[in-house]
Amino acid sequence: MADHRGRPSSPLAPPLTFRVIRAAFLTLLSGFVLLPVYVMVTSSLKPLQDVAGRFRWIPTGLTARPYIDIWHTVPLGRYFVNSLIVAGAATAASVVIAVFAAYAVSRHRFRGKRLFTVTVLSTQMFPGILFLLPLFLIFVNIGNATGIALYGSRGALILTYLTFSLPFSIWMLIGYFDSVPRDLDEAATVDGCGPLGALLRVVVPAAVPGIVAVAVYAFMTAWGEVLFASVMTNDTTRTLAVGLQGYSTQTDVYWNQIMAASLVVSIPVVAGFLLLQRYLVAGLTAGAVK
Amino acid sequence: MSTKSRVSRVSGTRPKSARPRRSHVPYLLLLPALLLELLIHLVPMAMGILMSFRGLTQFFIRDWSRAPWTGWANYELVLDVNRPVGEALLRSFLTTCLFTLLSVGLCWLLGTAAAVFMQESFRGRGLLRALFLVPYALPVYAAVITWAFMFQRDNGLVNHVLHDQLGLGGSGHTFWLLGDNSFWALLTVSVWKGWPFAFLIVTAALQNIPGELYEAAALDGAGIWQQISRITLPSVGAVNQVLVLVLFLWTFNDFNTPFVLFGKAAPEAADLISLHIYQSSFVTWNFGTGSAMSVLLLLFLLLATAGYLLVTTRGRRNGHG
Amino acid sequence: MRRTRAAAAAVTASLLAAATACGGGTANTGGGSDTAPKELTYWASNQGPDLAADQATLTPELKKFEERTGIKVKLEVVPWSDLLNRILAATASGQGPDVLNIGNTWSSSLQATGALLPWNAENFGAIGGKDRFVESAIGSSGATGQDPAAVPLYSMAYALYYNKKMFQEAGIAKPPATWDEMVTIGRQLSKDGKWALGAEGANLSNNIHQAFVLAKQHGADFFDAAGKPTFDSPGAVGAVKQYVDLMAKDKIIAPGNAEYAQNQSLQDFANGKTAMVLWQSAASSFKSHGMKEGDWGVAPVPVPAGGAPGPGGNTNSMVAGINLAVFKNTDNIDGSLKFVKFMTSDEEQKILNKTYGSIPPVKAAQSDPAFATDDLTVLRTTLGTSAAPLPQVPQESQFETAVGTAVKELFADAAAGRPVTTESVKAKLTKAQQQMAS
């Protein structure tokens, strides 16, 4: 595939001016991106009394101490596990549900289709701060009625996050499924697969990149959410995004530890990102082009 | 396989598959999504709309059903631009519009430019691509706190570079987190956080442009800039429709960035609408007025989105012939 | 399809019913029940240097309580960033802890929601009576004329912290006792990149605390007796102007302090960049920034010329602190009262306040020699004689936001070199007051 797409680099090497402008632009942009990262790294290596001091490009008196302290100032490990569970489960559920919904919209004609897609989009427009409280009440009331303790549980958070990412996931997947030739799944239906068989055996395999893209998006949505997590979790279920604020206490703000902890927890995410990047880039295309 | 299906359709042996099925199947497939959207988004939204017609203050927060119905009073209050509440809301709304316009524009510009420049393979491209995604992966809280650090007047990196090293704007340091400059500080952080997403989407879109187009153009003698303006940019038009809408909704409703950067009370120049609503509802526990503001915001975003989709879709159809 | 639609309608209806019918949890107004007598949930606020430290401090005490009463206490230390929102959610849903810590300035706001158990004579009787507590601390536990919504747990007051070495080098013998002295000494100290006083210009609560005290000294209040805001009275305008003028006119606060909101002024103090700060119980912070005990001195916050710290016009601190409240929806009212009694007992008061560096609001516990150090003596005396509670009105948090923001904006003006005049101060305060009127 790749050899047929994209500008071929062989016939004409780009002119020098182009290369100079490109180099200049990309260098500046890298600087912009990396500047805060550089500040984070150096701040994470300073003792607390030096962190807020005057900025210097070359820091002095570095210490690895913050990287040890982060683990007992707040239960970072627990928060990390919670975030992984919540974001992981929300991602898995969101992807499955979005695949079903997108398949229905892409492959079926039914009444209310337009209403459905428009409604789903509109849910992205109400500020979260206002439906936080009603949502909390619903969870509590469901909990009271059924005896399932949703309040403070990871389950409630998973449900919430998966719906946050659902609208755009469905949107992106509809586009992606539309680009998978219809003939393929009709043939599968003819071959004796039910409608779900066609989805699972033909459409999903053909759309793996798109699904990966949606999964990454859903994961990042759940990974970074602060407001809902701050109200709907307790100390055993608290996620990283809010847990990091635990480094800022009544008497002190442990800047160096905030930076160190953020870098530590970001490493697995960035690594996973790098692994999935190839699929992600291929996947977003088809979904978004539609 | 595809031949077989086409044959069967033509011969009419399987009329059902020729006409897409009308059955309960699509509804079953939609059911989980529908139920969840209903539970998590739509019912709370409906409650929010109901709340906007009630005097839901701290006195009634314990039992909402006791909050008095106030009709349109909340709306009258927040829409009366001659009084402080309405005036502040209007100013915050306009600030947010300007902010969103600039932020989305810059995110798009940087993302597209970077994607175009990196379309062609060169040494270190993979590494650079990974690096550009870092702002997307860092926890929002920590990233914004770091920017707040850099924008400090006395000890921050930004003033150190601008004033001490480049000698711009005299030796007196600038306030970035207070007064009118806070708008630019907020914009910088927002663009830093937002552009990688645009970069990702446009990069992906560029990969779908058939290589033959470029080969043909090159044979016709088109230089690299012409190739970019004639082939590359027009091909990403469809992507932009979605991308810009997504960025627009995110940026307009962004709460975390100004909240972490400025705390509860943002300077007027950077008082974004979601922070403003938070202040008028959570800080004061007056959910009636907060809901009224949210409903108005919802209406505006619905209208803006509908208009946007209408214009861009028609424009694209016309453009394609 | 009709069936699907009917099912969907049924689901919607039941959801709506679930969502709208109840709204506010149980309608139990009688004040708790006793359905779970062997367990309690306790939300503690973050008082120590980090969450783990609080856990370590409280756990042995809770064990002690369990041994004595057989009641197991489930502890959660809630960070300050989450506490108020968590309380809000608990209030709205009726599902929360049995006992919780609240910032004492929230008392009236929370009292107005009706979510907290009122401390009437009977309930106070269960914990040994109201007069066990310092008067000013009781004064900041709810609106006057009503039963308090909480009981004081830890108390704090403002003091003037000064850098002994910087004072010595400048040849200043003693810390300023009046504002005039503060300005005179301040001008001596503010030179060569060093400044006399630190401030947290962008920290709304801190702005309020300072403005409130100065307003008292100007004979003004931010609310009248009927609870109506009076932000732009001449006294209030004078107070706010006096505070901002420390930067604008007297130039003894560094302009950079206008953007401080994260305790940077304490760092500046610890690093020897400023000679004084007005703060509550700052000792542990100084130490974690590298200062040693004895590097700093503590004195009462200045008062107007010719006065000495005392009530009324010589007030020199707000009553800071933490209150302990019982959630009305508790399912273990007896246990909750027992727990409050335990936490406010002389013994526990000594242990906990010692650890946290605060002052016990229980009079009998104050006699412990641990509270007789130089630092704590100043704080204790201030609390007992010259501290006043912030306005006990339901709109307290709105007041903090509105007036705190006004002061923040005035500091921004001062820092940018724009003039701060009586008119400009009054205009800002009038605007703040109009926002309250809604």
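A few comments on the model shown:
All chains are identified by letter, namely A, B and C, in their written order; residue positions are counted from 1 within each chain.
Basically, a residue touches a chain if its C-beta (ideal position, glycine included) is under 8 Å from a C-beta of that chain, and two chains touch if they have at least 3 such contacts.
Protein identities per chain, from UniProt: A = Carbohydrate ABC transporter permease; B = Sugar ABC transporter permease; C = Sugar ABC transporter substrate-binding protein.
These numbers were taken from a predicted model, which means no experiment stands behind them.
In terms of inter-chain touching, the protein chains here all touch one another pairwise. Among the remaining chains, the Cα-based centre furthest from that of subunit A is the centre of C.
As a whole-number value, the distance joining the C-alpha centres of subunit A and subunit C reads 38 Å. Averaged C-alpha coordinates put the centre of subunit A at 15 Å from the centre of subunit B.
Residue positions of subunit A touching 2 or more other chains: 52-53, 133-134, 137-138, 245. Listed for subunit B are residues 27, 34, 39, 43-44, 47, 154, 282, each touching two or more other chains. Shared interface positions of subunit C, defined as residues touching 2 or more other chains, are 1, 15, 19, 23, 25, 85, 88, 92, 94.
Residues 1, 15, 18-19, 22-23, 25, 45-52, 76-82, 85-86, 88-89, 92-95, 262-264, 267, 270-271, 282, 284-285, 288-290 of subunit C are the ones that touch subunit A when the two sit in their complex. Across the complex, subunit A meets subunit C through its residues 48-49, 52-53, 72-75, 111, 133-134, 136-138, 140-145, 151, 230-232, 234-235, 242, 245-254. By the touch rule above, subunit C contacts subunit B in their complex via residues 1, 4, 8, 11-12, 15-16, 19-21, 23-25, 27, 85, 88, 91-92, 94, 109, 112-115, 202, 204, 254-256, 258-259, 261, 394-395, 397-398, 401, 404-405, 408-409, 412, 415-416, 431, 434-435, 437-438.
Put simply, subunit A touches subunit B in their complex at residues 2-9, 11-12, 14-15, 18, 22, 25-26, 29-30, 32-37, 39-40, 43, 52-55, 97-98, 100-101, 103-105, 107-110, 116, 119-131, 133-135, 137-138, 159-160, 162-164, 166-168, 170-171, 181, 183-184, 186-191, 195, 220, 223-224, 226-227, 240-241, 244-245, 255, 258-259, 261-262, 265-266, 269-270, 273-274, 277, 280-286, 288-290. Put simply, subunit B touches subunit A in their complex at residues 1-2, 4-6, 8-9, 14, 17, 20-22, 25-27, 29-30, 32-34, 36-37, 39-45, 47-48, 51, 110, 113-114, 117-121, 128-143, 145-147, 149-150, 154-157, 160, 192, 196, 200-201, 203-212, 214-215, 218, 223-225, 227, 232, 238-239, 242-243, 246, 249, 253, 255-256, 273-274, 277-278, 281-282, 287, 290-291, 294, 297-298, 301-302, 305.
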